[in-house]
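Dropping the structures in below, format is structure tokens.
There are two complexes below, and they share subunit A, which is joined by subunit B in the first and by subunit C in the second.
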Partner chain A sequence: MAYESLVKYTPKINQQLARYGVKFGIYKNGHFDERLFPFDAIPRVIDADAWDTLERGLIQRVDALNAYLKDVYTEKQAIKDGIIPEHFAFASAGYLPQCEGIVPPKGIFSHISGIDLVEDKDHTWYVLEDNLRIPSGASYPAVARNLCRRCDASTFRDLPIRENRDYPQMLREVMDNVNCGGINVVLTPGRYNSAYFEHAYLAENSGAVLAEPYELFVEDDVLYYGGEDDRQRVGAIYRRTSDEYLDPLCFNHDSLIGVPNLMAAYRAGNVAIINTPGNGAADDKGVYYFVPKMVKYYLGEEPILKNAPTYLPIYKDDMAYVMDNLDKLVIKEVSEAGGYGVVFGSKLSPEDLELFRQRIIDDPRNYIAQEVVDFISLPTYIGGEVVPRKADLRAFVLSGATTRVWPSGLTRYARQAGSSIVNSSQGGGFKDTWVLSR
Partner chain B sequence: MGTLSVTKADHLLWLGRYVERTYTTLRFILHAYDVALDDPLGNWRDQLEELGFREEEENPYTFVRDCLFSPTLPSSIRHSISAAYDNAVTLRDCVGTEAIAYVQMAYDNVGSAETSESPLLDLQAVIDDIMAFRGCIDDYIADDAVRSIIKVGMGIERIDLYTRLNFELERLPQEVHRLASRINRTGIAYDQESFRGVVDMVFDPAFPGNMTYEQLGELLKLDAHIFG
Partner chain C sequence: MKVLEYTFETNVSFSEPVTKHDFLLRCQPGNLSCQRVMHGQVTLFPATRTSEQRDGFGNRVLMGRIAAGHDRFGFISTGLVLSGETDALEAPGHAMYLKPSEFADESSALRALSREVLSGMGSADPWAQAQALSHAVWDRMDYEPGTTDVSTTASEALALGHGVCQDYAHILISLCRAAGIQAQYVNGLILGHGASHAWVNVFDGDAWRGIDPTNDRVCDDGYIILSMGRDFGDCPIDSGVFRGGVTQEQTVTVHVTTR
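For the complex of A and B:
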């Protein structure tokens, strides 16, 4: 197998990742801690044909999601045409009325989209989640690839593995494409954010300035970095802060962070915000249900990628199915992320099952239920042996002058045998994703 | 790099200061430990107290361990390298991952030494990492202002510590000379009068032979006011 020669280097590569500070932060019991993100040198390998299908499907999906975002904040035609129910579109917590009527530079809303997929045992890919706000994780495989290449010349010389270390360059092209005049900035909430390493790494390698909110200010609807005496205009801001902490004058009035009047500069067309505020209107777990319909509606095409079979309890038939099959389904809270709020019915006690049944009846809009996709396990080197572990894939789609898929992705694996929880915050590790060119 | 925000300049200055504080304090503690083995009642304890280490511990080895690894003493090596690390990670875009890796390694190696059976031997790796960081700055950082701020931070801290500890004072003219060649390249404002005062004191032909405790205190004050 292609990976065999790399397995033995796993500990050394992890040492090097520690040397470079490749970490993520986590809050536990009110305490901030930095953890290494365990790396497994056995990659996920995607052959050229499978990638071709995935790539076309991902571009199609993200193009449809961008079209929906433009529509939901302007014409609302899909809602008028009954494609997406009004109460779903506007009741989504990610829908921001403050963004009504704003069309961002070049009409792009989701510049960096992280689409979470799993591959089932018959090699069908299912989309589990769309992340259109601030998806993270692209830096890790890019850093790891560099180290893996140092371990084994023949593998990387002989196999047609597509380059993935150019992600920061692709990001830069996305920023340059919508830049309204000025420097590019990566806006981070700060040192104690869980993805701070990535913020700093991407700034360094894309040539952008890493800035915290208080290093930016708005004057006459123009965003600047620096101080009164020495400042530079900002043309594009790759923000890695949540919508509600972007601008305290527009969103969360109680917030002490954020850049006052940033939204005014954005509304005036003087700065591009990547990704656009309000994108949560399209990556809500409930709106996810409608994405295949969006593909048909906006693009006039059949969806290439499938959703995991999903039920919305707000619909009578779906509610009946969910109630009858709760013990076999995955229940997800619409408002949660990061693997939280995900419950497998099969693992609930009879009492908890009844508790969830009642919660769903009480607040059907806050839940979706999905069939359990029995996704494949990948060989993973843990504890000195190669063992199977469930793994997903976060693919990154970059929307710039064209929509492109980064030919790699973050493959996350579960640490525990049999577990499907792959999130780093819950102990998961990561792999490189090799996309073969032939 | 172009414009540096005030925050970033501040992080750069303090990165330099804390790296230097780790390095010089570590060297001094190793020196003090060695002296203490032969002279348990010597001046070394007073000198460490100048750094804020006020321990009742009589055993030099235990006392020195606290100076090195105490999480609560702000002058401990552990505290200094943690502060250096906290500043370094915010500067990846202007200092670079390759250079920051040496601060990361120094930080990790302090942690390893703390749990080692031979911490004083293992801390050599921390000195090596810091020297590598100092050396790589010229190679990895293209922006002269960024380089200069880090180096000025190191210089200010070294003058402070040498003065505070009454340690290798004869090296101060060389340190001040280095500082003079850098300080105007930082692009940040400083108190020129205080700096001139430092220059006058250390380039006095009689320096350091006749320095009184009060004069050293004055030198410390002037040094602190340069960027105060």
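For the complex of A and C:
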């Protein structure tokens, strides 16, 4: 196999990743913990034909999601036409009425979309989740690729592997496309953020300024970087802070974090915010159910990518099915992210199963249930041997002058044998993703 | 229908000069089906350039920044409003006004009170139900300034049994939403002499109608709307962020007369 020569470099590459500070942090129960993100040198390999289908499906899906975001904050036609129920669209915690009526520069809402997919045993890809707020992780495979090439240049010379180290350039094109005049800035909440390494890497390699909120201010509806006397106008801000900490005068009045009146500069059309605030209205675990319908409604096309079979307990038939099959389904809390609030019915004790049954009955809007997709395991080098581990793929779709898919992606694998939870916050590791050009 | 002349003045004094002061004000009435602005002006001190926009709720917002040190900040908003052209605010309902929000939250006590008040009612008319709920708030609560603050939620205020107009409004909103009635928070000015006021708009199926639980009455043409949202957090009249560890004192005066 092509990767065999790479396996022996796994410890060395992990050492280098650690030295570069390729880490992620977890903030949980009031305690900040920084961990290494284990890298496995055996890549996921996607051949050219499979990638072609994935790419078309991802572009289609993200174009539809962008159309929905524009609609939900302006005309609301899909809601009036009954495609998405009103109480669903607006009860989503990610819907922010503060963003009503704003059409961002060039009409793009989700510039960087992280679409999480898994491959079934019959090689069908299923989308498990759309991440349209601040999806992270593109830097890890880009950095790892670089290290792998150094260890084993011949493998990369001999195989038709598509380049993935140009992600920062793609990001730059996305920022330049919507820039309203001025510099590009990557806004980080600071070094205690779980993705600080990535913020610094992306800023440095895309030619943007890495800034913390206190280094930015708004005057006359224009965003500036620097001090009162040595200011530079900012035309696009790739913010890696969540919506609620973006502007203390708009979203969270208790917070002192953020840039006061950033939303006013944005509403006035003087700065592009990447991704736009309020995108949670379209990546809610409940709204997910409606994405294939959005593809048909906005684009008039048949969806190329499938959702995992999903049930919404707010519908009577779905509720009945969920109640009858709870022990076989995955139960997800709509309001949770990052692998939190995901429970496998098959792993629950009879008492806990009853508990969840009651919770779903009490608050059906807050839960979805999905069939367990029996997704494939990838060979993974753990503890000196190659063992199978379940793995997903986060594909990155960049919406600039055109919508493009980065020909790579973050493949995350579960730490434990048999586990399907691949989130880094749950102890998983990552792999590079090789897309073959022929 | 009345022509109302309003003067709304807010003064803040800081114990030490503050710098890098960003502010956002919702201190001017806007044109709505139930009110027409004939004239309006805002004077700020220190004198500052401002920009004006409409926020996501359609409220008029005034924004600015004072970088240099200052130990006083204030505004005077004055004008003339033709009020009560129609008695209701013609605007569509919205599902977000059914959902508990940060300050108009939910609790078992709020749900129980809402059920208790409405259980004895023959009518399913949302406007009649909202009035009954409003009366219940007035009945339960004692008006006591200084016992709650801007971060007090509806459930907390109900448990305390006292508060100010903001608390009355939040409780009524929560009671309405518990009963499936869309309700929104309103900041504004009322005829007479005093401070700014807060009340509630409820959606009766066709339009929004105002109820003032603090005064146990339905709003009439003596009310001027400044801002609206799901609760106080969406639409405060004045908010700001500045540098400087200081204490501040604020005085607010409102005069509204008929002309």
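Here is the rule we go by: the second predicted complex is superposed on the first by the 436 of 438 C-alpha atoms of A that agree within 3 Å, B and C clash if a C-alpha of one lies under 4 Å from a C-alpha of the other, contacts with A are read in each partner's own complex, and residues count from 1 in each chain.
Keep this in mind: a contact is a pair of C-beta atoms (placed from the backbone, for glycine too) under 8 Å apart; a residue touches a chain by one contact, two chains touch by 3 or more.
This one's a predicted model, so the numbers in the text were calculated from it and none came from an experiment.
Q: Sharing subunit A, do subunit B and subunit C clash or fit in the superposition?
A: fit
Q: For A:225, is the partner it touches subunit B (first), subunit C (second), both, or none of the two (neither)?
A: After superposing on A, A:225 lies in contact with subunit B but is clear of subunit C.
Q: I want to verify one number. Taking the Cα centroids, what angle sits at subunit A between subunit B and subunit C, in steps of 10 degrees?
A: About 90 degrees, rounded to the nearest 10.
Q: Between subunit B and subunit C, whom does A:369 touch in the aligned arrangement: first, second, both, or neither?
A: In the superposed model, A:369 contacts neither subunit B nor subunit C.
Q: For A:203, using the defined touch cut-off, is the partner it touches subunit B, subunit C, both, or neither? Pick first, second, both or neither.
A: The answer is first: A:203 touches subunit B but not subunit C.
Q: Which partner does A:18 reach: the first (subunit B), the second (subunit C), both, or neither?
A: Only subunit B; A:18 stays clear of subunit C.
Q: Could you say whether A:236 touches subunit B, subunit C, both of them, or neither, answering first, second, both or neither?
A: In the superposed model, A:236 contacts neither subunit B nor subunit C.
Q: Which value in Å is the smallest Cα separation between subunit B and subunit C when the structures are fitted on chain A?
A: In the combined three-chain model, subunit B comes within 14 Å of subunit C at the C-alpha level.
Q: From the superposed pair, tell me which subunit A residues show up as contacts to subunit B and also as contacts to subunit C.
A: Subunit A residues touching both partners: none found.
Q: Contact residues on subunit A for subunit B in the complex?
A: My answer: residues 18-21, 183, 186, 191, 196-197, 200-201, 203-204, 208-212, 214-215, 225-227, 230-232.
Q: For subunit B, which residues are in contact with subunit A within the complex?
A: Spelled out, the residues of subunit B in touch with subunit A are 2-8, 86, 89-90, 92-94, 96-97, 100-101, 104-105, 108.
Q: State the interface residues of subunit C toward subunit A in the complex, per the touch definition above.
A: Residues of subunit C touching subunit A: 20, 22-24, 49, 51, 53-57, 61, 63, 65, 67, 94-96, 98-99, 151, 229-230, 233-234, 236, 239-241.
Q: Looking at the complex, which residues from subunit A come into contact with subunit C?
A: Contact set of subunit A toward subunit C: 86-87, 89-91, 95-102, 217-221, 228, 248-250, 253-254, 256, 260-261, 264, 267-268.
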